[in-house]
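Before anything else, here is the set of structures, which you'll find just below.
Heads up, the next two complexes both have subunit A, just with different partners, subunit B and then subunit C.
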Partner chain A sequence: MARILINVPPKAKRGDVIEIKTLISHDMESGYRPDNVGKTIPRDIISLFVATYNGAEIFRAELHPAIAANPFLSFTTIATESGRIDFKWTGDNEFLATETALIAVE
Partner chain B sequence: MTRDAHSPTRRGFLDITARFAGGLGLLLTVAPGAGRATPASMQSAMKKIVGEATLAKGKVKLELPPLVENGNSVTMVVSVESPMTIEDHVKSIHVLNEKNPQPNVIGVHLGPRAGRATVSTRIRLADSQKIIAIAEMSDGSFWSDEAEVVVTLAACVEVL
Partner chain C sequence: MAALARTYRLGEDDDLGIVAGNRICGELSTIAALIATVSIISGWPAIAADILLSERKSGYQFLARETRAMQDDDTANPGMLWVLDGEALWNRKVGKANKSCADCHNDASTSMKGVAARYPAFNEAANRPIDLEQRINICRTDQQNATPLLFESNEMLALAGFVGRQSRGMPIAVSDDERTKPFIQAGRAMFGRRQGQLNLSCAQCHDDNWGAKLAGVSVPQGHPTGYPLYRLEWQAMGSLQRRLRNCLIGMRAQAYTFGAPEYVNLELFLMWRARGMAIETPAVRP
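Our next item is the complex of A and B:
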């Protein structure tokens, strides 16, 4: 299981713009690197990241091999209501990782 | 062959060689970038995003360090000037490069719920090159910004 770090403010005022930071451990093998006998290591990357806020999509990113290992993403959203923000990473070799953060909006 | 007669010419010769070598070195450091160019693939990737619409400069701010020591992880911040309302917001941001094996770097999709159009991530750079960020607005217009980055240690090619 990939290690995931999420930074979402636990509390926010309604209407505030909050910054969300995500980090997931993954090699993001580009598919262009040779191994120690000169054979190319096959591509193995996370290709899609989706964030949903109480079920509605707020952010989506298509990642390519040019994204550094352990993909870091930071973006913003408006704190609309209390609830959960779900994060989902999918990629090559049926890679799937999910994480959830709770937020209280007053 | 006395010492007095010989040394001036020798000194002169060394001086000329040194100057020449220095000049050559300077030329070599200025020249690279011509080979391995794939701006064509970047252009076609750009076409795919923009289509027939015109790409204007402005509104987008692409922040990258001008000099990078390690191309394996380069912090990049893209922000777009937009009120981010339902009527007027940024729909997507695409980042393209010139000299990595593939032209695409990242494509993000946002909406009015983002509040601000600012995205940050870490990217790989295989060579010193030009990076371009393109933002698609809700009214169908496209805006862009470019950044030149010099990379000392390239990503992708080295063996672990």
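Our next item is the complex of A and C:
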């Protein structure tokens, strides 16, 4: 299982702009590198990241072979209501990782 | 554990093959330019003067604001991915003895606090100093009856990172006694010795030219405060020995094999040179 680190403020005031940071362990093998005998290492990357806030999509990122290993994505949203923010990474070789963070909005 | 399964990434420092060619040439030409500049000064000292204790700076102080932010926030620091793996390994039973690290050492946050700040340390059985990675492998073979971990394997970096993390903020305090002094001296001699086709010593960059630029990056003073650390160029965690190998290849010198006593002597000298500075493991560097 991939290691995931998430930073979502546990509490926010309604209407506040909050910063969300996500980090996931992944090789992001570009598909262009040769191994030590000259054979091309097959591509193995995360290709899509989606964040939803109580079910509604708030952020989406398409990732490509030029993205470095262990992608770090940070974005902002407006704290509208208490609930959950779900994160989902999908990619090559049926890669799937999910994580959830809870937020309390006053 | 994806991080553990990760293959060792061929990088500019790791291989002399085609993959590495361009970047090495780039670094070498910069080093060559540096030499061209400094060789104008006649009587270049073979062994440079030590940096005053009060003027020492961690590599952290040469970082860009963004890289500092990565290191400062444990949820943005990619080295923490290895530390988390290390925590899992700490508690996993392995080997014929079916023992985990925790079975002997219990809670790492107390038992391992300050340990990384004391390594390399003198080992009776080896009759010489050993570094933290070698110490971990002694536990693996003698206590857990398991196969030793490979240097630079993700498992080793994870465990060393996890153990190192327990000393974060603590002052580096390697032993400087009768037993370790000859090895510190050997490390110092290596640090001051010109070597490789570029005929450079470590001291020429890290004592005399720190703060200058090499390949667009600041030359740091070379204090090993944050190892194992996450290097953005490696896109991975790496040990101090990997960093030393990287420098040696940049100088066009023959790199030693991982675990070589020459590396451990140099590690010991560098830790002694950084005595009193705070451990930052896992640090982030460009």
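Here is the rule we go by: the second predicted complex is superposed on the first by the 106 of 106 C-alpha atoms of A that agree within 3 Å, B and C clash if a C-alpha of one lies under 4 Å from a C-alpha of the other, contacts with A are read in each partner's own complex, and residues count from 1 in each chain.
The rule is simple: a residue touches a chain if its C-beta (ideal position, glycine included) is under 8 Å from a C-beta of that chain, and two chains touch if they have at least 3 such contacts.
Because the structure is a prediction, the values reported are computed rather than measured.
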Subunit B versus subunit C as contact partner of A:Asn7, first or second or both or neither: second
Comparing the two partners subunit B and subunit C, which touches a greater set of residues in subunit A: B
Which superposed partner A:His26 touches (first subunit B, second subunit C, both, neither): second
Which superposed partner A:Asn36 touches (first subunit B, second subunit C, both, neither): both
Partner chain in contact with A:Ile78 - subunit B first, subunit C second, else both or neither: first
First (subunit B), second (subunit C), both or neither touched by A:Ala68: both
Which of subunit B and subunit C A:Ala101 touches, first, second, both or neither: neither
Subunit B/subunit C common contact set on subunit A: 33-36, 68-69, 72, 74
Touching residues on subunit B, where the partner in the complex is subunit A: 72-74, 97, 100-102, 104-111, 113-116, 118-125, 155-160
Of all residues in subunit A, those that touch subunit B in their complex: 17-18, 30, 32-36, 53, 56, 58-69, 71-78, 80
Contact footprint of subunit A on subunit C as seen in their complex: 1-3, 6-7, 9-10, 15, 17-19, 70, 73-76, 78, 80-81, 84-85, 232, 235-236
Residues of subunit A defined as touching subunit C within the complex: 1-3, 5-7, 21, 23, 25-28, 33-36, 41, 68-70, 72, 74
